[in-house]
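Order of writing sets the chain letters: A, B, C, D and E. Residues in each chain are counted from 1.
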Amino acid sequence: MTKSLYSADARTKRRNAAERRFKAYGAAAIGIAMVALVILLTSVVTQGIGAFRQTYITVDVPLPEAKLDKSGTRDMAVMSKVTTIGYAPLLRDGLVNAIAEAGIQTDLSEKEIGDLISKEAAATVRNRVLAHPDLIGQPERFSLLADGRIDGYFKGRVTMASAALDQNTSPEKLDLADKLRDAGIMQIKFNWAFLTAPDASDQRPEAAGLGVAILGSLYMMIVVLVLALPIGVAASIYLEEFAPKNRWTDVIEVNIANLAAVPSIVYGILGLAIFINFMQFNQSSPLVGGMVLALMTLPTIIISTRAALKAVPPSIRDAALGVGASKMQSVFHHVLPLAAPGILTGTIIGLAQALGETAPLLLIGMVAFVRDYPEAYSSATGLFGDPSTALPVQIYNWTQRADPAFVERAQGAIITLLVFLLIMNTVAIVLRRRFERRW
Amino acid sequence: MSLTLPLLVIIVLAIVGSFLARRRALSVSGGDIRHLASLPKQHGLNAILSTVVPPLLAIIAWLMAARIMEYRGAAPLWVPLAIMALAVAGVVLSVVKVSNTFRARTASETWIKGLLIGASTIAILTTVGIVFSMLFETISFFRQYPWTEFFFSTNWSPNFRGNSDLGIIPLLWGTLYISFIALAFAVPTGLFAAIYLSEYAGPRIRGIVKPAIEILAGIPTIVYGLFALTTVGPFLRDYFAQPMGFGDSASSVMTAGLVMGIMLIPFVSSLSDDIINAVPQSMRDGSLGLGATKSETIRQVVVPAALPGIVGAVLLAASRAIGETMIVVLGAGAAARISLNPFEAMTTVTVKIVSQLTGDTDFASPETLVAFALGLTLFVITLGLNVLALYIVRRYREQYE
Amino acid sequence: QGRDNVQIAGSSTVLPYANIVAEAFGENFDFPTPVVESGGSSAGLKRFCEGVGENTVDIANASRPIKDSERETCTANGVTDIMEVRIGYDGIVFASQIDGPAFTAFTPADWYTALAAELPVDGAMVANPNGNWNEVNGDLPDADIMAFIPGTKHGTREVFEEKVILQGCEDSGAMEQILTINGGDEDAAEASCMAIRTDGMSVDIDGDYTETLARIDANPNGVGVFGLSFYENNTDKLKVATMGGVEPSTETIASGDYPVSRPLFFYVKKQHIGTIPGLKEYAEFFVSDDMAGPDGPLAEYGLVSDPELATTQSAVADETTM
Amino acid sequence: MEDMYRMDRAMNAQQDTKISARNVNVYYGEKHAIKDVSVEIADKTVTAFIGPSGCGKSTFLRCINRMNDTIDIARVTGDILIDGEDITDPRVDPVQLRAKVGMVFQKPNPFPKSIYDNVAYGPKIHGLARNKSDLDEIVERALRRGAIWDEVKDRLQEPGTGLSGGQQQRLCIARAVATEPEVLLMDEPCSALDPIATAQVEELIDELRQSYSVVIVTHSMQQAARVSQKTAFFHLGNMVEYGETDRIFTNPEDPRTESYISGRIG
Amino acid sequence: MEDMYRMDRAMNAQQDTKISARNVNVYYGEKHAIKDVSVEIADKTVTAFIGPSGCGKSTFLRCINRMNDTIDIARVTGDILIDGEDITDPRVDPVQLRAKVGMVFQKPNPFPKSIYDNVAYGPKIHGLARNKSDLDEIVERALRRGAIWDEVKDRLQEPGTGLSGGQQQRLCIARAVATEPEVLLMDEPCSALDPIATAQVEELIDELRQSYSVVIVTHSMQQAARVSQKTAFFHLGNMVEYGETDRIFTNPEDPRTESYISGRIG
């Protein structure tokens, strides 16, 4: 009497085809996103992973008293007169000695051999000597950074062919480096310094690290989280649940949507004018940076929170009000937990945006070369008031530098930033999964 | 930071006050909280809020006043004293008021509501701040440069020696074109991704894919920019633009638009996914029960019900597209141009704001000041677009709900 | 209590040199390492001129001299005593992909003829018809014109326009023709000379030299404008061309033989000397022979040392203001 | 007005008035849903609202604890007095009002929380329990009164949304009585219940009547007759007739009431 | 099994079997909600499911058009055949199945669309209307059959969610009949309806029976007796007894059935 359920009729077939197509579009969309993600991450990781390994030279550096402490009294004032420029020849001598000891033949001049050592190394030695004046007198073993080109050679960035064209190194130096490595004088180690050391100047890519930037980003994210999340959620709650629906709230609504469209650099202009020039907060400080980024993140959080609040069915509110809960209680006890996934999504995306943003920091002095670690609190500068940079700034800086060794550092910094982002967002992601439910 | 001490005092007083208020509430109730008009914890909350809020407001007021009066250095002694006195008064009052009949819940809710209102005015203050921080420079720009040229000239070519053409129209055109392409890519992709995640994918896949897609929002835009510059640009040029005779520029609106679209996917997908997920299951059941397929249910019932939230997500993505710099610089180039050809290099308002602001020209010259005028104009234009969007959404939404 | 580090803002061209000096300063002096911001000469000077006090910068780096209008703003905001310090010269070179066509020798006239928006032909201005370097000059390789030049926000663009394009306009005799066409209006003629074509053969780069390098990487025919120091760090990827027969190097630029260069400066807020520890020491250290001398690290990195460095050193020591 | 209700004054005098509504009108946007209704509801009685579907029973019920405030387009005029106090007075806190006037909604709407939390929520926010075991007791008592304890006692921690339709309805009844309101508004509380459960709920209503006043909306004439002392008949937004239940069912004054009761108008 | 239903075989032979369920079990996670139920539902008859709240009526009903697929934690075993075809067979498309087996849910769930669109939705997706006026006709007819046309004919473009509880219920009935299913599953379709509306819906059910088969869940014994030819009694997940409605109500075989009918177990 009726059609069999086992065989679909033409219309059903057509509809099912549409269904399959629709689902395929969805899968394709996910595919596109994932492919893009994989491509981007692969390129970042392959280019950046090298930043986490670094070539070191282990040599005994002679520390003659005649050069380092002319007075012989270990008087700091005298000893600190010897600058890194004065130390550099000692390191070179150390390496030359080591080469001789290992019986390695080379045609390079002593000066050229010295070029294998990073310019940072002299500071390493000097700092150690000034901290331990008793070292002066006999040679001391140091693990020193190798020059960036040599490091690049071991990582495959520099080749014999490119070195032949390169003013800053030569195939002979690379040859010597090979021998030094065979002799155990040069080693490649995990590069902790990349995560802890401060930035270094353009002449020392091998010494550049993310220490200051990580601290700066951490401080700023604390400020952003502490300001943007509560303020954003509070504002959304007011607008969505309490505010009378009138012109004024329309104005606020449009206004917030519009703030989302304000280019981030304009927030920098705002920060400079209001927080630094008017409120007299310290320039280059994570506090100001955090406040600016918080303002920038606010619309994202508000828009997503409002959307999430709107999606909670009214029957839940009715139920709470019906048992005598106040509006406030119904919102905080029932509506907010149900809206939590959307709020957390807004937070995740907002923080991601804030963590990766450079432009507004340009105007408040955080796009900077900073070598001293910022303190979270100091009596002179207050809370988060020390000058610092941030991870995206470091990436932006490094991608602009002339020495190609910085490309690898920049990509390494991007890996670090993404790991930072994931760690920061894990809590939110886990929480969001717990709150997700259908009703 | 002479205000550190008062801050500490406030915190300590708040903790003490909350404790005292609870204790007192319990004792006046004779150990049976059912005699109380409000719960002890509400008395505690009221104590905290009464202790914290007024002094904090006072601190902010003082900071503002000091700046306005151009007062420098540490605050005079009476300021921290007054602030601490306020906190003490808050504790004392809130603890003394505790009684069986005192409605602490109403009181604390009034505080909270005040805070909520305060939070929502921050958005207004931000706007005021933005306008103020750009207004004076903009005015001085228009003193030096004719506004008719700025708004109506179709030529943008700043020049070091002055005599620049600073017409905003090619920049606006570029902004619209690039944003359009980015959204045309990101909105369908993001929406389909959201639908797939919330309606088709299992919880495990969803648990992995959703955060993974969100990484796209966290990748620094410089990475996208370089991707556009070194990969997408040449690819589009070699396989589309040149064979199809659209010219041979690697930097193009298309390049920047597509790459920006990738970045925007999570803005659309993650938010929409949450909203779609919040549509009650009974709606889906109603449709499935009538013999609708899943996709029909989604298209005709679920998505319309989630529409307000989805529109919010799309607006957010659009906003992000307008504000993006790096991808445009590296993907679309820096040349201001009006053209319909999507494979030509163009640029956006935002890019020019950044480049004029960070350039080498005299900071008091129109070439630099134009950045502020651009910023303010863009602000007004997006405001207009948002008003329009609100109006449209309202009209459309009325059919539902 | 106060800020104990020197704060510097400004030019991204000067930035690498300032970084090198700041780093060495931090290593060898008992002062904290100065904080060096970048953001462009203009933004740096603007911050510099915002006033006196702890939350304004002490030093502005600039890739051009400060303008009168900027000094007026400075004065209006109370920044009255400014020391101008010239640290050396930035050489500007023309380079192309190392494996690309043999762009080894250019003249200003080549560049003018290749990039001008309009050329005088038979007594009338016509849109530049050249699409190939070969058409510009038979000695140049047979390659499409694809030039990556600094965007209009860059100070380098000004130097490029004046010292290469305008020069080329004159050298090639186009200037005279233009003058005859427009009836002797010199300003208009100069403007016409310096108008760069916008048909896509010349691409403005608003970013930095790394962007130019990336574009040349993706474009075998591309020729780009770079800073000397940038080129010297990338000699394995770029090959440089002579300009008017002169090879760019620190020596030829210092001697004035190589025509395209510009001076670099920093400006010190004298009113901060004494309140900000290390400010003067930093300025002195910067211009010391150890740093800015011809054998110092700055020169090694590509700064063209100032032949008159000694004068600068004594001016800094004496805190001579403008 | 021709549709004015007729009240049995004799009886009214002898009992306290708990709720008194005067000239209440409700509009949903343009739609006039309640037309000038006035009624006096006595304390310690059960009042039934009957009338065809869509006549405004729920709407009027929701006026009594100001739940209509939550509907944007709803507009209420007129006065409603509870214990002589006007609930529309700005001084009246709707929260307090709703704690005093509990409600069971027509569509069961459990919170997406555990069964226990659904019931414990009201007592918790109103501070009705001194401690955890007190609360446990209150929850158990409420669930027993809601005639659902046996079915859920082993699954108190499972979500209330995973219950069957009738179980949800009883859960909502339990939730409402747990806060011990003085007035209980029940909008078709037995619509999804089987006869036994219905009987238990009716027993509960009878028990509540000892101390409180109960207003119940029902479509079952039998139920109205069984549980209520007073009945109001609504029709197209008007309250047509109001009086002793017995009289309404045996001897209605208005022809519309009669037709409805005898099954002629719907 | 002791709880096996007893079927009046005599009667079964004379009618076609439309739905035949064999050893159906449903689990919600750990909870065993339907225990080994087998039943044959005849074509062109009305079958009533009765039983105390929470006994599994809705759950079983939802098995028949595979709506339980949408509940993550629900697991169904056993076979259900419609017209001799196993609906759990992978070849069976649940979409086609549900077009053939319509459903009215226990909780009214109108779409947040206009009243018109609510009803037109099914016919549109199934392509039942050739053009707009056709569709208008279908909608009007469905609303008339749902006994709600008069109330909504002037507000067809208003949202379906703005209707009263009973109106929503009738709208959902209209929505279900608009697609002309061969089997209609109705889960307490009259729970929010007044007697008159109930009578109209019962009339509809009777009319539908002429060509289709209807399964109705109801708590009203009277209603079951009025509209159904067959009745199944469920208790704690078991189908205790199944047979001619008359016989079940007059002469139940199982003591539990008897207790329920006579109002002793709930």
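Throughout what follows, contacts are C-beta pairs under 8 Å (C-beta built on N, C-alpha and C of every residue); 3 or more make two chains touch, one makes a residue touch a chain.
Heads up on the chains, UniProt names are A = Phosphate transport system permease protein PstA; B = Phosphate transport system permease protein; D, E = Phosphate ABC transporter ATP-binding protein, PhoT family.
Just so we're clear, the structure is a prediction, and the values are computed from it rather than from any experiment.
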item	value
Touch-network distance, chain C to chain D, counted in steps	2
Between chain B and chain C, the fewest steps along chains that touch one another	1
Innermost chain, taking as reference the mean of every protein Cα atom displayed	B
Identity of the chain that, by mean CA position, is farthest from chain E	C
Mean-CA-position distance for chain E and chain D (Å)	29
Length of the line joining the C-alpha centres of chain A and chain B, rounded to whole Å	22
Distance from the mean Cα position of chain D to that of chain B, given in whole angstrom	45
Whole-Å gap between the CA centroids of chain A and chain E	60
Residues of chain D whose C-beta touches two or more other chains	107, 125
Numbers and ranges of chain C residues touching at least 2 other chains	39, 43, 207
Per-residue multi-chain contacts in chain A, two or more chains	15-16, 19, 272, 280, 326, 338, 362-363, 379, 399, 439
Complete list of chain pairs which touch one another	A-B, A-C, A-D, A-E, B-C, B-D, B-E, D-E
Contact footprint of chain B on chain A as seen in their complex	15-16, 18-19, 22-23, 25-30, 32-34, 36-37, 39-41, 43-44, 230-232, 234-235, 237-239, 242-243, 250, 252-267, 269-270, 272-274, 278-280, 295, 298-300, 302-304, 306-308, 310-313, 326, 328, 338-339, 341-342, 345-346, 348-349, 352-353, 355-356, 358-359, 362-363, 379, 382-383, 392, 395-396, 399, 414, 417-418, 421-422, 425, 429, 433, 436, 438-439
List of chain A residues in touch with chain C within their complex	80, 83-85, 119, 123, 126-127, 158, 162-163, 165-168, 200-204, 272, 276-277, 280-284, 362-363, 365-372, 379-381, 387, 397, 399-404
In the complex, chain E residues that touch chain A	82-83, 85, 87, 89, 91-93, 95-97, 99-100, 125-127, 182
Of chain B, residues touching chain C in the complex	157-161, 163, 226, 229-230, 233-234, 247, 249-251, 329-330, 333-335, 337, 344-345, 347, 351, 355-365, 367-368
Of all residues in chain B, those that touch chain A in their complex	1, 4, 63, 67, 72, 105-106, 109, 112-113, 115-120, 122-124, 126-127, 129-130, 132-134, 188-193, 195-197, 199-201, 207, 209, 211-224, 226-227, 231, 262, 265-267, 269-271, 273-275, 277-281, 293-296, 298-299, 306, 308-309, 312-313, 315-316, 318-320, 322-323, 325-326, 349-350, 353-354, 357-358, 372, 375, 378-379, 382-383, 385-387, 389-390
